[in-house]
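In what follows, chain A forms one complex with chain B and a second complex with chain C.
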Partner chain A sequence: MKTFFNDTQCGKHEARSVMIDMEPKAVNWAVQDTTGKEWRYAKSQQFVQKSGSGNNWSYGFKVHAPKCKDAIIDLIRKEIEKCDYFGGFLLLMSLAGGTGSGLGAFVGNVLRDNFPRATVLNPVVCPYTSGEVAVQNYNAVLSLSHIIAVSDAVCLLHNNQLHEICHRLLGIKQVSFHDMNKVAAHQLASVLLPIIQDKQSGSRFQNVLNDIASALVCNSRYKMLDLKCVPYMSPHTMAFNTFQWEGLAKRMFQMMLTDHHMDEGLNWRTTLTRPHGKTQRSSTYTKYVSSLLFMRGQGSTSYDLLTQFGDSRLYPTWIMPACRNSVWKTELPFRGYEKCIAFLSNGTSCVKSLNVLTEEAWDMFGSKAYLHHYYKYGLEESDFINAFATVENVIYSYKTL
Partner chain B sequence: MASSNPSIKECITLMCRLLKYAPNPIHVNPDTFRQAKHNNPAAVDEMLKLVHIMLATDKTKLQGPLDADMKEALIEKLENSGYPRVHMLKTNLTSLELLLCFGWLLHITKILTQIYRASLEPTDIFSILLCEKHKVKIPSPFQSSENLDISGLETMLSGTIGPKLEHDKFDAMSVADQINHVAWMSGKVEMKMSALNSLYLFTAKIDAQIQKQTHSATAKEKTTFDSLTANEALLFKHSKILQLCEKDMERKVQIIQAYNKWKDMEPKFWQWLHGAAYDEIQEEYLPSMNSSDVPIIDALTEGLESTAASIEQVKSMLYDKQREWLELAKTDSGHLAKVRVEQEHEISKEVQALLLYVNSMENSFKLALSSDAKGKGGPAHSPTIPISNEIQRLRTRALQIADQLREMEHLSGEELTIIVNSKLNGNAILVPATAVT
Partner chain C sequence: MTQSIMIQVGQCGNQIGCRFWDQCLHEHAFYSKNGIYDDAISSFFRNTETYSDETYDLPMRTGSNKINKLKARAILVDMEEGVINELLQGQLGEIFDSKQLITNSFGSGNNWAVGNKEYGTMYREQIAEQVRKAAELCDCLQCFFVLHSTGGGTGSGLGTSLLSILQDEFPEVYRFVGAVYPSSDDDVITSPYNSMLATYELTEKADCVLPINNQALINICNKVQQAVRSGKFEKPTEKNAKPFDAMNNLVANVILNMTSSSRFEGSLNVDLNEIVMNLVPFPKQHYLVSSLSPLYISKDVALPPRKLDQAFEDLFSKDHQLMLSDPRHSLYLACALMVRGKNVQTSDLNRNIAKLSRNLSFVNWNQEGWKTGLCNLPPIGQQYSLLALANNTCIRHTFTDLKDRFVKLYSRKAHVHHYEKVDGFESLLFDESLNSLTGIIKEYEEMEKTTLSGTAQSTDRLQLV
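Moving on to the complex of A and B:
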């Protein structure tokens, strides 16, 4: 509990967070959402302006950020001072808009400058492939180019995938951002809730962020993380679940192999080996630098997970077997799920979405669409080129795995 | 005997308990001492170990009994330390002899007092932690590979600390892969460094909080101190260290209590050991006197008696001469004669004193012989110097005395000749002194 919350005198827990937005709408929603719950967001730890960033990365990064820098650092320092054991930063932001991407990228820079030794895990929400904001791809590429440089790990959460999970697995007909946020929170919580791995090693002070980073993103060329969970169930069906560890593990392995974000509509034909024993071509299944499995629920500690998760064909030769795949287990159930497996991986899963983002951004950049909106706040063409180069470089690294 | 005495039993038990806390811990069964006192051969190995550990400078543990080389080294070490009965250890390595040696070491090294003094020192947390660290069994690099189970170590190396670097595989990699691998490993080290840094900041913060809280607490209570020392802060922070300190303090209390009891009973132990020592000395000398030393002693006694007899003769002769000189002095009141008479009187007195000394020596020699021949005496009457040495000394002294007497006799003879020559003129006739001997 103390990992993510402060104790208060009134008995309510306060989230260890600093909320930053250039308009109060999103922050107010978040604060309102905690009404009647055992925890809340501290009012003193909110930084809200009323102007907004107009979905312009350049405005958020070049105009808002320098003005707000001192106030934001002050808030962050105050929050850190409340921590007994400071483990690192979880920098949550979206890539589409102006504030999340522009100011968020700037905050990432500030964190790295002021706390060079702190671990920064950066879950970012990638926009819908189409239709959210016209300049979302520009914003995303510019933002990614910065956070790739300063964060220890970037975890991509896709609106498309979240939407599909809500719609197909949770049975929500009118999917709202609220529903998608819940799924995203579920995914993040499934990996960020501390797991007592070894009672003797004093895991009371487990540094989750650092542990994740040291297991998955030790090579600075490979920082992109992908998150998968099984099972997803609506609250109505939860009581009827009959999942066994073996079944869940099989599904998760197939999701891993085919890079599918949910356990429905899986391609079961894709396997590591063909019936006659020959290895399938590497291009047909996802490759990974490293992966981390989280098993939560009764019987997890006694269950031996499939060894295929660490199969050498899924990983490059320069990763030693001991570093390929780790499994963290806890007997504690997670959010009402009797059994749950989460899979956090550093692999080629990101290539597809990054490719889409950069290709569309390149197309727009080639036609110089909307560029003047960025140039007017101090951004230059070279900044775009550099951003593209950085993201392309990441894509190339993963493609050559 | 001592074993039937409950107090000596308790005394030895206390001593054994204290010896456990020695810098080089000595674990010995109290019954070993009883067996050693009865010169039980079964106790030899145990007593040897005991003496070895007491003399050892390092903390190497003995596995099994001492071999011949070790025994030799042990005796050499005792000889260098000045142990007076090394010759006995060389010839006859019995448990009783080793018990005496132990007693000597106990007295010389004052090991029990050292243990007691160490227990009076304040508890040092860092030394306790160091002791705990040494208790962790780490496989020795020199241990033979047959007995060494390194599976745990390998798991540790591959899992917790980091992957085991397989050189062959690394060499087989392309340059790009090698760079990636090295980048990965260095990144891992960097991440661990970050984690360590977080932990360091955490401990610093906790220290500061403890200092602050204790300061405020003590300020309210108006105590004499207002903040904690670093060691005290450690105790507050880590309950395990606190437990270790409590254990250490309990141990010290036990030592102090045992030492105090020991001090009360210590005389009984030495008395007990004294009895054992007396038995051993008696056994050492009686057999040797019966076999080889007795004829020499007889001859010596005879020689001394004959010396004493001749001295008696000289003495009587000198008295006679003295009487004659006095008569001469009466008839001839010459100054020279008076002086000579006085000188001779002095000589006579000296001779008498010497004779008395010789007689006393002879008597004491006879007494010593007779007491040894009678057998056991009490510990208070037991000889502290070996008898053979005393005989030698007496013999030398007797010979010296005899020489002195001869010289004096010669001198007396010369003086007589001078007097005779001077008195011949006065018609005095004296027998020459040379005729006396």
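Moving on to the complex of A and C:
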């Protein structure tokens, strides 16, 4: 409990969070949503302005950010002071808008400058590829170029994937953002909830963020993480299901090989087998730098996944066997699921979406569309080119794995 | 929350404005039944108290402020007193402060030069003063809405001269303009001149223009009223309804829907600054064609409700556009879809966008150029309402028509002397306006040619050395 919440005198748990937005509606809604629950947001930890950023990354980064910098650092320091043992930051933002992406990128820089030794894990939301915001690709490329440099790890969450999970696995006919956010929260919680793995060390304080970063990010060229979970079920089908580790592991392995986000619609023909000693072409299955498996539920400690998921064919030769894959286990079930597996990986999963966004953004940049809105607030052509170069670099590093 | 100031200029502007304030008050009264003055109402209204003939603004305390006397954040300008006087004598008179009115009695004689140069100079200081005062009373001013017609003298001339005042005094605040363009059978002979000169100013000084055509509005009203009359039961028409009221209501509905997200809650909020950001890829191409679906004039006069997916389809048909145009067969540069309704979710939006994208052409560098918004509260009497604001090359046909009518008159220099005799007006302006419009038409044409003919080349990606 103490990892993410602070206990207050009135008995309610207070979330260790700082909420920042340039316009009040979303924050107000979130705060009101906690009425009647066992926890709440601390009253003083919200920083809200009135006018919004107009989906303009440049406005969020160049205009709002410098004005709010001091107030934000203040709020962060206050929150850190409440911690006994400060582990790191979880910076949650979206890539498509103006505040989340622009001000978010700035906050990432601020965290790195002011708290150089803290771990920063950055889950970011990628918008629907069919378009939510016309300039989403510009905003995404600009943000990514900054956060890749300052965060320890960046985890991409995709609206498209969350939507599909809600629709096909959870059976929700009319999917709302609320439903999708619940799935995203489920995914993050499945990897961030502490697992006391080593009873012998006696340490009851686990620095979750640091452990994840050191397990997955061994080289600063490779920081992009991907999250997959299994199973997802709607509450009424859960009662009729029996959970077996073997079944879950098999589905998760296939999801890992084919880089699919759900255990439905999987391509079972892709396998690791080498016909007659020749190696399978690496483009047919996903390659990884390193990966982490979380097993939550009864019987997890006695089931071995390491050999299957740690197969050397999935990883580059320069990674030491011990660093390729780890499995963290706990007997405690998660959110009503008797058994579940979460897979947090650092691999080529990010290439597809990064490629799409960069391609579209570059096309738009080529025709100089919308640029006057960005240049108005101090951004220049060279800033765009640098941003493109950074993201292309990341794509290249992963492609050549 | 942000505030907006409405500036209504000329006869047409004020009549539309009147309908807007009427609908706006109804909407807020409906959704704010306990009479609290909250963020939503403050976007267009001030809460005031009157002591000894002076009105003072009541500050908004969190949550518990009762509405005392609402005053609209508006400035009403007209060089003829008829329309404004009628407004003041009606039910809406209460919401306007006498200081917000700027009137004269001589009119502009349907002459853009008189409106822009003569009255523009005469009233510049007074207008600037009123704008400054209104802005001071706002906590966080986000945009100005200017309502006018382009065919006449006051709305067209003085309305556009006002834009330069707004640009100088408040460069950071967005200038949205609702401009009513004359139909081809307009009875004002000089309307092509006035519209051309006005369009030049709109291109240079507005951030975003929503062009509207009277003929399109008439067609829509006829469609709705026919459906209402042929319905199973007769719906009563509003008392004291005037002939233009129905048409003006449509325009008012567009503005209400456009600002719904900045006033009410929703799962995907869209502020007015986001509209400009996403729909204006190049500074001068800021003309957005609007369309509504389902069509409704007021809560009692509307087409019968249809299935949501059908409403999305209708939104892109030419019968629902507020401009005589057919965007489906032209090229989209970008399109905003703003949806109001309790039961509409992101999955409905996505499903329909996927369907629509197959049949609509988007410019090659903005294939997914959609901006979507979801607001929880629908308009009164409707289950849901969809608004599309499209930056589409079909506008070039309207501009070409305007250009042709202009050239017909100008080639003979007919009526030009009326303009030239006004102090401050130079006949060079005619040529400049013509050049500007020709330029815009050409740009839209170019984009259409490149994308629709398939000759667009995508630039090579950045190669790493």
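What we mean here is this: the second predicted complex is superposed on the first by the 393 of 401 C-alpha atoms of A that agree within 3 Å, B and C clash if a C-alpha of one lies under 4 Å from a C-alpha of the other, contacts with A are read in each partner's own complex, and residues count from 1 in each chain.
Just so it is clear, a residue touches a chain if its C-beta (ideal position, glycine included) is under 8 Å from a C-beta of that chain, and two chains touch if they have at least 3 such contacts.
As the structure is a prediction and not an experimental result, all values here were calculated from the model.
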Combined model on chain A where chain B meets chain C, clash or fit: fit
Which of chain B and chain C A:381 touches, first, second, both or neither: neither
Touched partner set for A:213, first chain B, second chain C, both or neither: first
Dominant toucher of chain A (residue count), chain B or chain C: C
Contacts of A:7 with chain B and chain C, given as first, second, both or neither: neither
Vertex chain A, arms to chain B and chain C (CA centres, degrees, nearest 10): 150
Partner chain(s) touched by A:51 [first = chain B, second = chain C, both, neither]: second
Partner chain(s) touched by A:366 [first = chain B, second = chain C, both, neither]: second
Chain B versus chain C as contact partner of A:38, first or second or both or neither: neither
First (chain B), second (chain C), both or neither touched by A:74: neither
Closest Cα approach, chain C to chain B, once both complexes are overlaid on chain A (Å): 16
Contacts on chain A seen with chain B and repeated with chain C across the two complexes: none
Residues of chain C defined as touching chain A within the complex: 1-2, 39, 139-140, 142, 265, 267-269, 271, 273-274, 276-283, 334, 343, 345-348, 350, 353-354, 357, 364-372, 458-459, 461-462, 464
Residues of chain B that touch chain A when the two form their complex: 158-159, 162-166, 169, 173, 177-178, 180-181, 183-188, 190-195, 197-199, 201-202, 205-206
Interfacial residue positions of chain A with respect to chain C in the complex: 23-26, 29, 50-56, 98, 128-135, 163, 167, 173-178, 180, 358-360, 362-364, 366-370, 372-373, 385, 388-389, 392-393, 396
Interface residues, chain A side, partner chain B - complex: 84-88, 117-119, 152, 205, 207, 210-211, 213-214, 217-221, 316-323
